[in-house]
Amino acid sequence: ERTGFPEVVYGEGKTADEIIRIFRSLKEHSEVLLATRIDEEKGRKIVEVHDDCTFDERSGTVYKKKPLEDTEHYIAVVCAGTSDLAVAEEAAITAEVFGVRVERVYDVGVAGLHRLLGEIERIRAARVSIVVAGMEGALPSVVGGLVAHPVLAVPTSVGYGANFGGVSALLSMLNSCSSGISVVNIDNGFGAAYNAVMIEKMAGS
Amino acid sequence: ERTGFPEVVYGEGKTADEIIRIFRSLKEHSEVLLATRIDEEKGRKIVEVHDDCTFDERSGTVYKKKPLEDTEHYIAVVCAGTSDLAVAEEAAITAEVFGVRVERVYDVGVAGLHRLLGEIERIRAARVSIVVAGMEGALPSVVGGLVAHPVLAVPTSVGYGANFGGVSALLSMLNSCSSGISVVNIDNGFGAAYNAVMIEKMAGS
Amino acid sequence: ERTGFPEVVYGEGKTADEIIRIFRSLKEHSEVLLATRIDEEKGRKIVEVHDDCTFDERSGTVYKKKPLEDTEHYIAVVCAGTSDLAVAEEAAITAEVFGVRVERVYDVGVAGLHRLLGEIERIRAARVSIVVAGMEGALPSVVGGLVAHPVLAVPTSVGYGANFGGVSALLSMLNSCSSGISVVNIDNGFGAAYNAVMIEKMAGS
Amino acid sequence: ERTGFPEVVYGEGKTADEIIRIFRSLKEHSEVLLATRIDEEKGRKIVEVHDDCTFDERSGTVYKKKPLEDTEHYIAVVCAGTSDLAVAEEAAITAEVFGVRVERVYDVGVAGLHRLLGEIERIRAARVSIVVAGMEGALPSVVGGLVAHPVLAVPTSVGYGANFGGVSALLSMLNSCSSGISVVNIDNGFGAAYNAVMIEKMAGS
Amino acid sequence: ERTGFPEVVYGEGKTADEIIRIFRSLKEHSEVLLATRIDEEKGRKIVEVHDDCTFDERSGTVYKKKPLEDTEHYIAVVCAGTSDLAVAEEAAITAEVFGVRVERVYDVGVAGLHRLLGEIERIRAARVSIVVAGMEGALPSVVGGLVAHPVLAVPTSVGYGANFGGVSALLSMLNSCSSGISVVNIDNGFGAAYNAVMIEKMAGS
Amino acid sequence: ERTGFPEVVYGEGKTADEIIRIFRSLKEHSEVLLATRIDEEKGRKIVEVHDDCTFDERSGTVYKKKPLEDTEHYIAVVCAGTSDLAVAEEAAITAEVFGVRVERVYDVGVAGLHRLLGEIERIRAARVSIVVAGMEGALPSVVGGLVAHPVLAVPTSVGYGANFGGVSALLSMLNSCSSGISVVNIDNGFGAAYNAVMIEKMAGS
Amino acid sequence: ERTGFPEVVYGEGKTADEIIRIFRSLKEHSEVLLATRIDEEKGRKIVEVHDDCTFDERSGTVYKKKPLEDTEHYIAVVCAGTSDLAVAEEAAITAEVFGVRVERVYDVGVAGLHRLLGEIERIRAARVSIVVAGMEGALPSVVGGLVAHPVLAVPTSVGYGANFGGVSALLSMLNSCSSGISVVNIDNGFGAAYNAVMIEKMAGS
Amino acid sequence: ERTGFPEVVYGEGKTADEIIRIFRSLKEHSEVLLATRIDEEKGRKIVEVHDDCTFDERSGTVYKKKPLEDTEHYIAVVCAGTSDLAVAEEAAITAEVFGVRVERVYDVGVAGLHRLLGEIERIRAARVSIVVAGMEGALPSVVGGLVAHPVLAVPTSVGYGANFGGVSALLSMLNSCSSGISVVNIDNGFGAAYNAVMIEKMAGS
């Protein structure tokens, strides 16, 4: 592919059999594999056949990674709590499959600022951050104000009531008063990782 | 009034003359006066007649306060930047007219967390906080996580694009992951102050 | 915890086993326990293990309360009909677990004003009211006009057609013409109680 | 006209001259006249030519009524405060031009229930009520619960913030928990009156 | 009841047992019975116990009617096609339980105007019409233009795509260019019937 | 141009001088000219310089047409009342500038069906219809049910209250129960004409 | 039927038995048959009885076609990827049942422009195109800019996050900067085909 | 500033005098200056005092740049037509003030793909692209599919009808089927440039 990125299978609406077949053909020219939006049943079936692949239920991904090169450069994947982990892991695994080191900085929501501040140097040392947040979606603004690198913000559909399936978080992120933040679609961990990896790779090693 | 609160004139849709007349009659039984939503032209006309009143253009209020009692107890009115000052001042002036001491903690947006952290003790020492924010509306969540008293959150209509006249901030506040936050209507500084004063007075002196 | 409030488990997205474990560890330093958003299956499992806890199906809570001190002070929890009871009870139980006396004033919708007026003294005598309403969400405005204390309004998602999952009630409450009302997220009985308890405790005993 | 109702001119988008001409031709077969949505400039021009007509600035109507027959039957037009008067008067004047007696019951908002209860017998004695309300739009629900006749509810665009130009009041009315309420478009005082008069006339004298 | 109307059970969120109990107690002072929003399982259970009641699956109602008096006066219930029948029948059965004669004029959508025109005299002869429509919701406007009596318009949630669960039809009806139309909530056949019966009864026999 | 259609100037955001210049250069290879969205001031300026052009204030167009060939084939442009004329004329003039005969069938709203039925043969005889409607947007559904040719539906932003700047009419048209209707953007008379002319020309002469 | 088009059964809300009966009666005067919105279970049942019909699961249609005449004229049905195929096939099958030749141009999304450009002559040679797209809905704009015939755009509900069930694609299509595009309801492949066939037939053979 | 970026003045809601004063103080430590959202009147006043600054009316900016270093690296700023130039120029000027070379690729909308394809190499050679689009917002998807570097998408509020002030374009961009696209707020040319410059600088010279 012109972009030099491995092809990723979007699992929604595809059967396990279809994905198994696609993986077979992808293996002909690719050492790594990734399928997203895979539910438990499909995941189990795929890794039965492709037993060099891992199924991660939480993020709904099936993947095969290569060992990463040793490097000080990384992408930080940041989120608040358990409820955003699915999307954060979709982003983290995608970046790793694409060959980039990831630091996971989880459980650092804005309601407990001390935890975030305790981890801030680990975030600051990244070249790009992916910040995942549901509900009020404030985390990217706060992180964006504390770091000097690009922040990819991912709203999640987690929450209830007036969160409207992620719209509340999406609007927060679009209206952020911190500079250096751009936004991808609700729950689109994959898309954030794709962008982050592009930026990371551009920066060189 | 049963509530023990002075009557406040909502200026929208009333002429200067009407407000002048209402103030005249209110003076018969009240030492303090407050009218909100007053534009410059009306404001000038009213204070020409009622020259014991002050017109504050920024907040669109005309008021007459009594000197406050000396007290360590206060309401904190917190906001980010110049653009939210109108609403913050509507809240602050309302609280002062109602006889409660106010500490203004302005220019402490989430994009510059150090400024907020530098002022946090002044906010923590309040009995109630009114936190005003437009755009992504993240400030009440951050403040709410740092203080142990009730936070009244006021979304403002300030911003552009996908802020939708304050809806973005409103949704953020309703979906806050911090506990102890309740919300009033967009731009309703008066309403936040009314609530805050009720709580403050209940706590005693 | 700095706030002096017991930690509460938000059950959505957690398994029964996870909650059972969390309760075990919470018991080490807390006499009371509360988990919200618990469905029947999870609830049964949890109380099988933690048999000093009660599962309340209607409100989806599992809790362990301490006997309340004898006091004339209380929070009123007010709602219209059967359909809002789940949220009202989430609020009431939360407040009780937090150690505050609650008066339940149920079945007092605005369509039958005489019932509400018959109970109004019981509401007036509270220090704070939590008013829960779905559909047109008018109850907090009516109660707010009749009492002189703070009203926490909770919109519920109950209804059909143009209620839009609670948006109709939410907007009513935000636009209330009564003063002294602030609003929490749709169906957020817990949040209303958290605020109400904060205010109640501030007022002292 | 088949309906037996006088033709009414909708002034929006018509010039004063056009309305003057239309009135001239309507006079050929009608003793009464009504034009709605007329601003001050147009209104002055029309009554200069048609000096048997009255221009009511508040409601934006120009009209010529016939004296009403003496009757105990009437339509009640009910609203809260000054801000809804324009729409209430559009309704009241329309009904009077159509030959029906109107009782105006103004300044009876839900935030001050005692005033409403003080007037309730005057409303109950009507055959139909038109209830006009902006902001939270709760008044029709409360009135609907107190009377046994049909209530036409008219949301108004009055308010600010999350009232969304009348949507908040509209939704409240559509979701009313009181029976016997039907709704017309935001600010459509004319439409409510048209319906109310139809019902009133059907009931006979 | 002050209104002289039988009490109706809103089935949503009530168990079959609860409704069976309520019916038992209603029977003490009422010859007719009505419960709405009843699914098949609940319906079967209720009529097993109350075998003088009928369960109508299409409209989700359980009811017991009295024979109607012989009369030329009636309410027309009008709708387009099979998809709106559930709501139309909720309206028709409600009116009949309340003691009013109903003429059903079904299968007369605006896409086939000849059918509607063929039935128009039957509609015109009614004292009130209930017009039920989903999708584009145009039927009440067309009927309203052809009849001289009040039209209660009921939007339904039937359709797909940009119908938004009935919002499309609701907005059409609120913005109708025909006079004499008022609107109830989406799918609220009961509410339309309640209004229509009030008007019908007022007109006398 | 590949499409064989004259180039049309979209006037919004262009100065009179810019349009004058563009017209000058278009004249080099085109006998006809059209600019849309032109307000009065700009219109007057343009026709002062290009005095072979006509300014039509109602539709906001400046144009130069060629005489049409004599033909029995035409496009019908259909609308209800005065308020939709601007958009209807934008469509009609566009079609005429593009060399197609237009029959204007105005003042045929659904509230007065007899007028529409009186003109229906003139509409039926067209090869394509453009049906323009604001408010409830029902006209295309009714026309679509009566003709056997394609209907281009144009919602207009005319109305007030819950018409939401044309959204009500747009949704009606998208949800039409009549077949053979497709929709263009709100107020987009030009776009409807462009489509209609394409279809008309394809049908041959 | 006046339109000369076969009657099509809209399967939603009809039982297999009802459709089987309708097909039986349609067969009396029609050689072709079509039912849309048929799920697998219903589809299987129908073709068991009507074994001259085909059930296409992907598009949810049951149909019986006649062999098409040999012709160079056709409708192009264009879409991006697997996820829009259901709607594209509903359109293609409808057109074929109506007797028009269809060229399917699938897998030509805007993210891979070279594929689209490689197929563009096949699209250009059509007399009408139906362009189906979900997510950002950009394909009709790109195709519309490349062809000189009418484009019927069909938004699909495919996607996640801020696609809002097809609203994102719908708005894109309504706001297209390409001329010659008109839009039908979300997922309405049938409606697009109906329009396209009308246009195709008008153009003659 | 920690970020190494010059401070930018957001002009909305600031007076000319305030901005003049801020510029004066910024000059003490910065060679470059930038204020955005400046209307004509303010712009003229500011450059009268700060005559080393330029006022660009189209983009509403006042700025002072330094000569750029000679470099092959640049950011591409891409847009369709005249109507998006204001936002495109806000982006381009911001990037230049921040010291980065910009290539402007204007007038390349998706409706005229040949123009875009003619310029595509100039876009491909950039390290980052800012793609600005109103109406249907399809341009970033098309560009994103053709380049292998990060694309910052900026929706603009340009358009009419169902564009809803930029929401249509915003949703298109969030739902893009091309990878490597992230989105900023409607009309936020400044924000896109800030992100792009961060990425560009990270890539080194």
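The letters A, B, C, D, E, F, G and H name the chains in turn, as written, and every chain counts its residues from 1.
One rule holds in what follows: contacts are C-beta pairs under 8 Å (C-beta built on N, C-alpha and C of every residue); 3 or more make two chains touch, one makes a residue touch a chain.
Predicted model, so just to flag it, every value in this text is computed and none were measured.
Peer 1: Any chance you could name the chains that touch subunit F and subunit G both?
Peer 2: E, H
Peer 1: Between A-G and A-H, name the chain pair that shares the greater number of C-beta pairs in contact.
Peer 2: A-H
Peer 1: Have a look at G-H, B-C or F-G and name the one that copies the E-F interface, over half of its contact pairs being the same.
Peer 2: Having compared contact pairs by residue number, the answer is G-H.
Peer 1: When the centre of a chain is set as the mean of its C-alpha atoms, what distance in Å lies between subunit B and subunit D?
Peer 2: Those two chain centres are 36 Å apart.
Peer 1: Report the inter-chain centroid distance for subunit A and subunit F in whole angstrom, where each centroid is the mean of the CA atoms.
Peer 2: One centre to the other, that is 49 Å.
Peer 1: Subunit A to subunit B: how many Å between their CA centres?
Peer 2: 40
Peer 1: Touching two or more other chains, which residues of subunit C qualify?
Peer 2: Expected reply: 161-163, 167, 170, 174-175, 179, 185-186.
Peer 1: By the touch definition up top, name every chain pair that qualifies.
Peer 2: Every pair of chains meeting the touch criterion: A-B, A-C, A-G, A-H, B-C, B-D, B-H, C-D, C-E, D-E, D-F, E-F, E-G, F-G, F-H, G-H.
Peer 1: Contact residues on subunit C for subunit B in the complex?
Peer 2: Listed in rising order, the residues of subunit C that touch subunit B are 2-5, 127, 148-150, 152, 170, 174-175, 179-186, 191-192, 194-195, 198-199, 202-204.
Peer 1: So in the complex, the part of subunit D that touches subunit F is made up of which residues?
Peer 2: 12-14, 155, 157, 166-167, 170, 185-188
Peer 1: Of all residues in subunit C, which touch subunit D in the complex?
Peer 2: By the definition above, subunit C touches subunit D via 80-81, 109-113, 135-138, 141-142, 144-146, 159, 161-164, 167-169, 171-179.
Peer 1: Residues of subunit C touching subunit E in their complex?
Peer 2: Touching subunit E: residues 82-83, 158, 160-163 of subunit C.
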